[in-house]
Structures are given as C-alpha cells and as structure tokens.
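In what comes next, subunit A is part of two complexes: it sits with subunit B in the first one and with subunit C in the second one.
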Partner chain A sequence: MSESVNQQPVPLHEHGQRRPMKKRLWWIAISPSVWAIHFLACYITAAVWCEKIGEGNLRPLQISVGIYTAIALPVIIWVGYSSYRNFRRGDPPVPYDFDDPTDRTHFFGFTAFLLSSLSVVATLFTVLVFVLVGSCD
Partner chain B sequence: MNFVPSQSALDHAGVGAESIAGLFWVMLIGGCLIWLIVVGLAVYAIVVPGQHDQKRTRMLVIGGGAVFPTIVLTALLTYGLAMLPDLQRPAPEGSQVIEVAGVRWWWRIHYRMPDGNRVETANEIHLPVNEPVEFKLKSEDVIHAFWVPSLGGKVDMMPGRENRLKLHPTRVGVYRGVCAEYCGEAHTQMAFDVIVESREDYDEWLRQQASLAVAISDEAEAGRKIFAGSGCGACHSIRGTSADGVVGPDLTHFGSRRSIGASVLPNNADNLTRWIAETHRVKSGVEMPAFETLAEDELRALVRYLGELK
Partner chain C sequence: MKDPRADRLLKAWETPKGWRYWSAVNNSEVGLWYTLTAFAFFLFGGVLALIMRVQLALPDNDWLTPDQYNQIFTMHGSVMMFLFAVPILEAISIMLLPEMLGARDLPFPRLSAYGYWCFLIGGVFVCGSLLFGVGPRGGWFMYPPMTTEYQDGIGPDIWLLGLSFIEIASIAAAVELIVGVLKCRPPGMRLNLIPLYAWYILVVAVMILFAFPPLIAGDLLMELERAMDWPFFDVERGGDPMLWQHLFWIFGHPEVYIVFLPSIALVAMMVPTFARTPMAGYGWIVLAAVGTGFLSFGLWVHHMFTTGLPGISIGIFSAASEAVAIPTGVQIFCFIATLLVGRVQRNVCLKFILAGLATFIIGGLTGVMVAIAPFDYQAHDTYFIVGHLHYVLIGGTIFPIVAGFYYYYPFVTGKQLSERLGNITFWLMLIGFNVAFFPMHIAGLMGMPRRVYTFPGGMGFEWPNLISSIGAFGLGAGFLVLLWDVFRPKGKQPLVPRNVWNAGTLEWSGEVPDQPWGIRSIPIINSRYPLWEQENLRADIDAGNFYLPDAEEGRRETLVTSAVDAELMQCLRVPGPSFLPFWAAVFTGGVFIFSTYHWWIPAGCCSALSFATIVTWLWTGTAEIPEKETKPVGLDQSLPLYVSGPAAVGWWAMFITMLGDMTAFISLVFGYFFYWTVHEDFLPEQWNGEPVVGAGTIWPLVSVGLAVVAWCAVVMARRLNRGNHSVGFYSSSLLAVAATVASGAALVWGPYSNGLDPTVHVYSSTTGVLVLWTVVHLALGATMLVYCIARRLFGKMDAMHDADIVNVTLGWHFLLLTVAITGSVLALFPWVA
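Take a look at the complex of A and B:
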C-alpha cells in the first residue's frame, strides 16, 4: 500500500470518535484467537483435571470453564460490536473491495463482525460439551 | 440366531449401536432439511424473474444462510452430546471385564474371571445377551481401533495406554468386529467374530475356555508331535502342553473358533491346511512363516490336532 493512498482523505470517518480500522488488519484475528485460546484452556483444564485430580466431582472443572467463558465472550462481543459500528459507518456500495480507506474500513469491520459472530457460536458450542457431558468417561 | 456376521451400525443389536443408529437418522434428516432449504433458496433466486426485494433478500441470506443452519446444528449437537454420558458410563461393578489387545493383525483377548484369574483366547469374543460388558482396550504395537458396528461405537487402541468401552448387547447372534484404524498391510483382514448368546451358553463356553487342552485321538497325537517338533510352540501357546509362546494367538481351544486368521477364513480343515501351507497368500504381511515343507500326511495330522482343540 503506497503512502499516497494512506494519506487520502477519509470523509466518512472524520466525524467518528474511534480510530478508523483502515490499518488494523490484525483486528480481524482477535475473535477467532480468543475462541482458540478459550478452547485450549477448556480442554487442557479438562485433561489435567480428569487425569490428575478428580474424576468424580466435575463442578470445579465446570466452574473453571464458566470463568474462561465469562472472560472470552465479552471480549468477542466487544470486538464484534466495535467492528459492526465501523462497518455501519457511511453506506458505501457492496462489495467493499475498492482500494480506499473507506472501503478498507468497511471490509475490516464486516469481516471482523462476521468472524466475531462465528466465534461466539463456536465458544458456546465448546461450553455445551461441558454442560451436557459432565463426565470424564 | 443369524449365522452370517452382521457388520452394520444400522442393524443394531446393542444399546450403544441403537443410539448411534438413531443419531444417524436424526443427523440425516437434519442435513437433508438444511440441503433442501439452501437448494430451495437457490432455485427460488434463479426461477423467480426480475429484481428481488433487497430487504427480503437480505433476510433470506442471513436467515437461511446463517441463522437457520446455526439453530439446526445447535439442536443436532445438543442431541448428540446428550447421548454421550450414558454411552460412556462404565459397566456396573461386577460386570464381565474383557481385555482386548490389538496386535498386527489379530486380537489378543483375556477374560477376567471372578477368582482373579484371566483366560486367554484370540480373535473371537463371546458375550452374554442383555448384560453390560466392560472392555479394556490396548495395543501392543501401532494404533488400532476396536469396533463392533452392530453393538456400539468404536474406540482407539493406543500403544502404552488403556482405553475403555462398554458394550451392552440386546440380541442373540453373530456379529463382526473390525479394526477401524489403518494399521498396516493386513489392516482389512484384522477382524473378529462376536457371538452374543444366552447366559447359560456363555457360562458353558467360558468354563470350557478356562480348561486346559483336551485329550486327543491318535492321529491328532501325531499332529501334536509335529506341532512341537516344528517349533510352533515358540510363538503359540496351548495350555496343558509344553507350547507356551506368546508372540502369536493362544490356540488352546482353537478348534472351537468360527474362523482362522482373525476372521479371514471359516474354520475348517481345508482352510486350515491352506493357512498353514500358504499363509502369506491368504494374509499377506503376517509374521507366521508358511510351513510349505510339511509333508501331506504331516499337514493332515497337524490340522486334525488343531481341529480337535475344542
């Protein structure tokens, strides 16, 4: 991306309070990463608990998964909400594939929003296993 | 009793397989529902002429493409997960415990007896009908997987680790079990027979399996000497004789088994002769050497001996 393109005016974003997402490619990876960390944390905890600590009482394991979820879900929802706000700024025509800051912001916002939605569902599916199975067997 | 072994998860004869068959049908219906709606929307978009209403189109894409599949998948996942606790629960205390080890390419089987002893057999499992049985699954070499489709789900057999499985057969019959994890050259010939029978028949079978090798006819006695003289006892064990090898299957009651070579051939004299003389043509890759040098009468005596081990 050339410097001249980066310095183009961004009229649709000038009035916004938040920094436009035009340069934040890493932003779209946050929600899937949080889901992945949550998934690993849940299953590593389950593996250690079932193998080393106590097979009979799973309540502490379920509480741990609940705590991980209480941390992960708000982060994913916050990223999704912020992305949605960026995505809804202005109303450029779809698809957002024009090489200018406005379309880039919309593209990042839209992508991050969809990935956040997917991450919420995936995180809840992970939790569902611990709610319904409830056994080390 | 059916005499052709069934190997279909849909021909269920056990509690676990019945649940899995139910899960299959529910998943199939759920998958068809999603397919019908997605294809229906595509057909609608192609067939209905003119420009579609933007708001309605967006609703259809979001609703049919994201919300509806998510709801259906959540319902299917919940249905499937809810089955797991019961399927995975160990058999009650006091149930028959059977240890099975996967060995390239056959099955070493030990029945744990109430007195603490273990009875060894191979490639054939007998189960009492309407009673849960606990399996302890191991591997002696590579990763195998234990699966009797008509009775329950499959479980991997890992080297250095013991996995467990509960089977609860509900119908008398003969069923086929297989190795469900590719394990090498003769993987597809690594199967076993499962005979589900009444409690009385099972007790009688187990009592017989726990006994030593029985007395034999004169011709079979000649076969026993050939067995010993050819070095078969270095790999195979026949309890009650000097043969105590542990590399290959225990042959103490070989004659009572339905099949040869881990369910490769029906157990009869012709097939056994072929197995001994042309082992690698029947099952390529097995460690047992072919005894092509045995004379015809020696082979006949050996086959007679093994056939009388009931």
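Take a look at the complex of A and C:
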C-alpha cells in the first residue's frame, strides 16, 4: 500500500508556501489543551458556585460557562480549520508517510484536525451538562 | 569477526561478566531484569488473588481472618497496579524502544538502572510486609480517615513510603522514555514515520509526568498526618478526607490509561505484522493515543460519584467519561480495518490480540454503563465493578502483554515459544477468565459488596462465587503453562531465523542471537516500515554502511537528532556499566524504609550516603568535556560530542523533571484552595482555644523578592560563564547562593515568628507544607549552584562546555515560579479570602 504511494512525486509547489504548524509538535496539543482549560474552568466555577454562592438559581453559572465556551470553541474551530486547510493543500494522498517535510506537515495537520474535532465534541459534552442540569444537586 | 570496526564496537558494548554482570546499565539487560521482576510480582499478585478466591468460594468461610483478607486484597490491588502494570510498560519500553528507534541505548542508561533497583528494593519491601502480617489494609486507594485514624501499625506507612519510592522511579523512567522518543531516533525518522509504539509511549510517559505527582503530593500529606499529626484529613481540625480522594483519583484514572495504552501499543506493532500490511489509519491512531491521554485527566471524579459532590460536577465528569469512549473506540476500528485489508497469519499471538480486544470491548461497555451516575449509584462498591475493571485490565492489558511475550520472545532469546502449549494457555486463560469474572457482574447486580472477607449463605451469592473461584484457577493454570513455556529448557531447539515474523519495523533488524551493540550501524530511515519498504536496508546496516559503525575511542555512543524531523545533532556518549546506580538505589531505599519505622538516624545516614552517591554519579558520569569537539560518525558527517541548552538531552531531562515537580507542587496548592472552597472556616482566628496563624504578609513577600535576586544572579552567572568571566561567574553564583539561603530563611521566619503550629488546624498545616516544599526546593537550588561552582573550579565546566549551569538555570526558572506562587498565596490570599 505505502510502496505504491511512495512512488508518487511530492508536489514541489508546496515547499515555498506558508505552513502554519511547520515544525511545531505542540500544534497538535492546542485543541485538547483548550478543552482541558475549558473543562477545568467549568468544574472550578461550578464547584465554587455550588459550595460558596449558589442556591437554586444557576443562571449566572450558565452565563459564565457560556462565556468560556464562546472563547474556547472558536479557538478550537480555528485550529481545526487551519489544520484542515493545511493537510488538504495540494490534495496529498493518505497516509502521509513520505519522507518529506511537507508530508510531515500534512500529517500534523491531519492529526491536529482530528484532535480538534474530538475537542469540539468533548467541549460540547461539558456544555450540555449545564444546559440539561438545572440545579447544583 | 573480520571487520576490526565491528570488533571495537563489540568491545565497547560488551556485557560485563561474572558478578560484574549486575553493574550492567544497557537497555537490554536492565529491560530484561525489569520485565522478569515485574512478571514475578505479577505472579505474586496472582497467587494473592487465588487465595481470595479460595476464601470466597463458599459462604461464611473462615479460612482467612478479616484482617488477613484485608491485607491480601490491598496487596493484590497495589501489587498489580504499582509493581506490575506500570513497571511492565517501563520494562518493555526500556527493552524495545531503542531497538525500534535504531538507537544503541536510551539517553540515560544509568537512570534506567537506578529506576530498576529502586523498583526491586521498594517492591520486595512492600510485598515482604505481608509475610510478617503487617501489610497495609486500606485497599489500593488507602482512603483516610480509615488509614489515618482507624488503622494502627505501620501498614499504611509501608504503602505510602514504599510506593512513593517506586513512583519516583516511574517518573525517572518517564523522563528517559520521553527524551528517548523525541531525541534518539535514527536520522530521517520524522514524527510522521515513527513506530506507533513510540507515539503511544510518548503519550503515556507524558501522562505519568502529570498523573504520578498528585499522588506523591497526597502521599506526602498523608505521611505528614501519620508521622507528625498535621491534620490534612482530620475533619475535627478542619481537614477533609475528600482531598485525598481527589489527589488519588487525579492519579488513579489516568493510571488506567497509563497501563492500557502501552499494551495497546504492543497490539499496534503486532497487528500490521500478522496482517502483512501497514497499519490502516496511522493518523487516527495518533489521534486516539493523544486524545485518550488528554481526556483521561477529565474523568477522576467518576470514582467519587457517591461521595456527595454537587450533581452538576458529577455531570461534567460523567460527560467526559462518555467522551473518552470515542478515541478509545477509534483505535480498535483501525486494528479491525487493518486485519480486514491484510492477509492474516493465524497464530497464538493473534488469538491473544483478538481475545484482548473482545474482552476490552466488553469491559469498555460496562465502563460506559458505570459512567452514567444513576447506574453507578446502584453498582458502586459491588462486584459489578470488580467484574468491569478486570475485563478492562485483563482484556486491555494482560492479554496484549501475553501476546507480546509470544511475539517478542524470539527477539530476546532467539528461540520461539511453543504453539501447542500456547494454544493450551490461550484456551485455559480465555475460558478461565470469563468463567471467573463474568459471574461477578451478576453477583454485583444481586447486591454483593466488594472488599468484604466473606458473605452469608442464602442470599443467592453461592453459585456465582463458586463458579468465579473455579474460573480463577483455570486462569491461573493458563499462566502456569505460560510460565513453563517461558522457562522450560530450550537447549536443543534451533535458533529462529532473523526477523522470524517478517515484521517491518526496525527492532527486527538484529542478528540472532542478538549482539550487545543494539544495531550494527544506525540507518537513515525514510518510511514507517523500513524493513518492508527500504531496499537492502538490513545488508547495509550489517555492513556498517550507515552511522556510527565503529567505536574508535572504545566509548559507547549513540546519535541525538532533532525532535520533529530527526536531523542529526550530536554524537552522544552514554555511560557504561557501573554499580553507582545500584548503591544510589540502596541508599535511597534506606531513607524510605528506615523512615517507615521512624528510625531517623539510619534514615539520615542513608540520606547522606544517597546524596554522596548521586553527586559522585553526576560528577563522574555527566556533561563530560570530550577530548575533541567533533567526531566523524560515518557517511562523511561530523557531529559535536558536547552540546548544551535545548539541543542537549540533559536539558530536556531537566525540563521534563521540573514539569513533574511543578505538578506535585500545584497539587499541594490545589489542596490549599480546595480547603478554602469546601470550608467556610478555612481561615479561623482560633481553633479549640488555640490561635490559628499563617505565614504573615511581609516575610513571604521578602522571600519572593530575595528569590528574584537569586534568580537574576543565576541568569547572570550563566552569561558570565559563557563570556568566560571567571571572577564574575563565581561572584554572581555566590550571590545567588546567599540570596537563596536568605529567601529560604525569610520564608521559614514568617510562620516561625508568628508561632505557627501545624498540628492545630488544617490552615496552619497547609501553610506549613507549602513552606516545607519550597524551602526544600530552595536548598536544592542552592546545592545545584554550589555544584556548578565546583565544576568550574575543577575544570569540568568552562565557557564552551556549560551544560551544568544552563540546566541549573532552567531548573531555577521553575524554582522562582514555585517561590513566587508560595509567597503570593501565603501572603496575599488570606486578604482576598
């Protein structure tokens, strides 16, 4: 499978183009990290609210979570979108196993795109709790 | 052997003989000892399980006393998790990873050896306690207040200190593996080409780095409570046992994936070989590994659903527990897809892989069930959970490891295990396992509680338990056959051909029997399955046509490459055999073991000896100035022998270690804010008639100011050293040492002058532990500076060769952060609160 793919020439026009994640391993960790920060922020806010302040009315807590989400989701989606553009550029063939910096970048882009998609789902899962659960207990 | 280069190489990598064999530090020897020791602990844990099953075979059985049963179930869990599941992954990785990456060894072989000896000493100490009837009895999770107030004796101390010791060794292995994967790959092996095993191990090692420190922090708190009466978990003095549960499970849930992912990594190496095709969905598997690694840190509260936390918090963790099923499932689909597109070769290995996947899926599905809080309320603390967790761990971890035994046995010994015995083993284990653990789900749903030494007759528990006990012995018999197969004499059995499974990855390029050099010459890699896809590769490796085919100076050397694209950076000289790691581990072990019995004088002596041994090890074995700056490594390429800063493996090790260290510190800070969150009276003026005081405002801030001065002086010292200003370097370093000592003194003076008594209330003890942690780190920071001064004085560090001070500066960045956080929390937060 890979041998036949390897025989195809690498699209040379890509070498000169700007590549957002170039040599950055940490690029693939951005989206899940944003999920983690969002998750932690929601958990801490909920814990402090329910222990220290909240009786009955969850609206302020829901608004806070809404604000966190309004920051987190666009970041994840932006990372996912630029990763998508990055790995689709030049319509490279899967499985991104050329010995070539461009294909390494395709691979990073593909992985970052998948991780961003997973992070979107996981973030929405967290948000859903605040939509569906109406009280601290 | 005709080639004189090969002779020299062989001599450099020769395994020591006779009693000096035990001074070996090479990954093949240490990896083998590690694997065998972990397997021995596994068998011990298995025997404990069988003893429990005998006890539970019949109702109202009094074969074991409740106390014996408590010790046995505690040790079964602790041994399986801490002495088998985590160490076996480190063992297998130490043994295999360098071979998969075409490296001669991991970058810090003596650290691996030190980790191994720590593991052996700690493990024997913890297990030995059982033989004297003083083993821990609080379950593998050691919940307070049971373990702090209701259990006398030294059992919990043995658990806390013995296992902390092993956890430190695990973090050492994590450092080794992260640096190994990122910096010791063969030239050309970009990150999109590395074996999937390396991806998984990278993720797992990073997880260890962030998961183990919270437990170490928890161990520290609980030991301080037990030994010094600091009331972290004592409700009467403002403490809260829930903090332990948080810290334990922040470790404990990622731990499940820490033991699962490396085993599934073995599956990811075996499936392409047996399907005879590259893995389908390489990128998807990387998604699964990295995604699981992240999400697994958002699950810990699902072990605490019944502790009375706010429903909304439970909801968040329930949602994350469902989300983690997505990446976990993705990799299983990839394996199935690969097997479907390939031409599958059937053997015992593959049977174990398939059985493992099927079993894990069943365990995973019951996992999704118990992640739903209302169901968990019903199933919590019943045998349903015991059934669930064994399906996950045996399916996800044990079966793949047994498959790995069959697969990699020829790699280690040159001989093959028997297919006939393998089939017997397989069916005994598969049937025995299901017969043992499936009925536990039913017993659990009928209401049978876990961790109770017997059960009454007439409640319907008799048959499920008897069947479970019979199945457990079937499973045990399977392991007995495997044991016989592994250790039976194989003298007459012929050696296997090279690359016996016709695999595509680099670890199979070695000769049979394998030579101690790891690989004859380090190849250039440009594909994921080099043995399948790169023509003539093995012949070129054998002919020494690639890098480092020689050891002209008789030194052990390997290549260091860049983290992403594996471009050549350095020829790294790795240390050879030495007893230093062994003695360092013996003395470090002494500190922990003697402390358990409160024998402070021997513990202090061991501490001094351990310090002296480790300094000798660092002094003689690290950052050595080479006799020449560069050396030819083959293929007309010359590489530097000495590098410092981010190019050096030592810098990476320091960075990674400090990340782990920071995580433990943040866990303690989390404790401070946890108490503030859950208690209205976290900062009382008085408690039980005694004043409750903190560190005050001024002195913690003075401490931060002095730490800033020290940090500036350290950064200056690094610069002055690089500019070769001797006097400037010494003055700046001495200023830094003085400011560090003053910073520590100021931090202690605050609480001391206020008359702080850590035993009065949890606010005082939390302040005390933050001060203690920071002062110990300041002392380490000062010691490192004195070390650098001595290095330069004795000509072991100069302007060109400055790795020591560069690494110490890096450590100091983290130290400054530690002091700044401690100082500002202690001084300012009481005002905010």
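The rule is simple: the second predicted complex is superposed on the first by the 117 of 137 C-alpha atoms of A that agree within 3 Å, B and C clash if a C-alpha of one lies under 4 Å from a C-alpha of the other, contacts with A are read in each partner's own complex, and residues count from 1 in each chain.
By definition in this document, contacts are C-beta pairs under 8 Å (C-beta built on N, C-alpha and C of every residue); 3 or more make two chains touch, one makes a residue touch a chain.
Here the structure is a predicted model, which is why all the values come from computation and not from measurement.
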Exercise for the section: Could you let me know whether more residues of subunit A are touched by subunit B or by subunit C? Expected result: C
Practice task
Identify the partner contact of A:V121: answer first if only subunit B is touched, second if only subunit C is, both if each is, neither if none is.
Solution key: both
Exercise for the section: Based on the superposed arrangement, let me know which partner A:F39 touches: subunit B (first), subunit C (second), both, or neither? Expected result: second
Exercise for the section: Please indicate which partner A:D137 is in contact with in the superposed arrangement: first for subunit B, second for subunit C, both, or neither. Expected result: both
Practice task
Applying the touch criterion given at the start, work out whether A:V129 contacts subunit B, subunit C, both or neither, answering first, second, both or neither.
Solution key: both
Exercise for the section: For subunit A, give the residues common to its interface with subunit B and its interface with subunit C. Expected result: 121, 125, 128-129, 132-133, 135, 137
Completion exercise
Touching subunit A in the complex, subunit C uses residues 188, 190-193, 277-278, 281-284, 286-287, 290-291, 294-295, 297-298, 310-313, 315-316, 318-320, 322-323, 326-327, 341, 525-529, 532-533, 563-565, 677-678
Fill in the blank from the handout: Given the complex, residues on subunit B that touch subunit A span 66, 70, 74, 77-78, 81-82, 84-85, 88-90, 164
Exercise for the section: Name, in rising order, each residue of subunit A that touches subunit C in their complex. Expected result: 1-3, 6, 23-25, 28-29, 32-33, 35-36, 39, 42-43, 46-48, 50-52, 58, 61, 94-97, 99, 101, 103-104, 106-108, 110-111, 114-115, 118, 121-122, 125-126, 128-130, 132-133, 135-137
Exercise for the section: Enumerate the contact residues on subunit A facing subunit B in the complex. Expected result: 117, 121, 125, 128-129, 132-135, 137
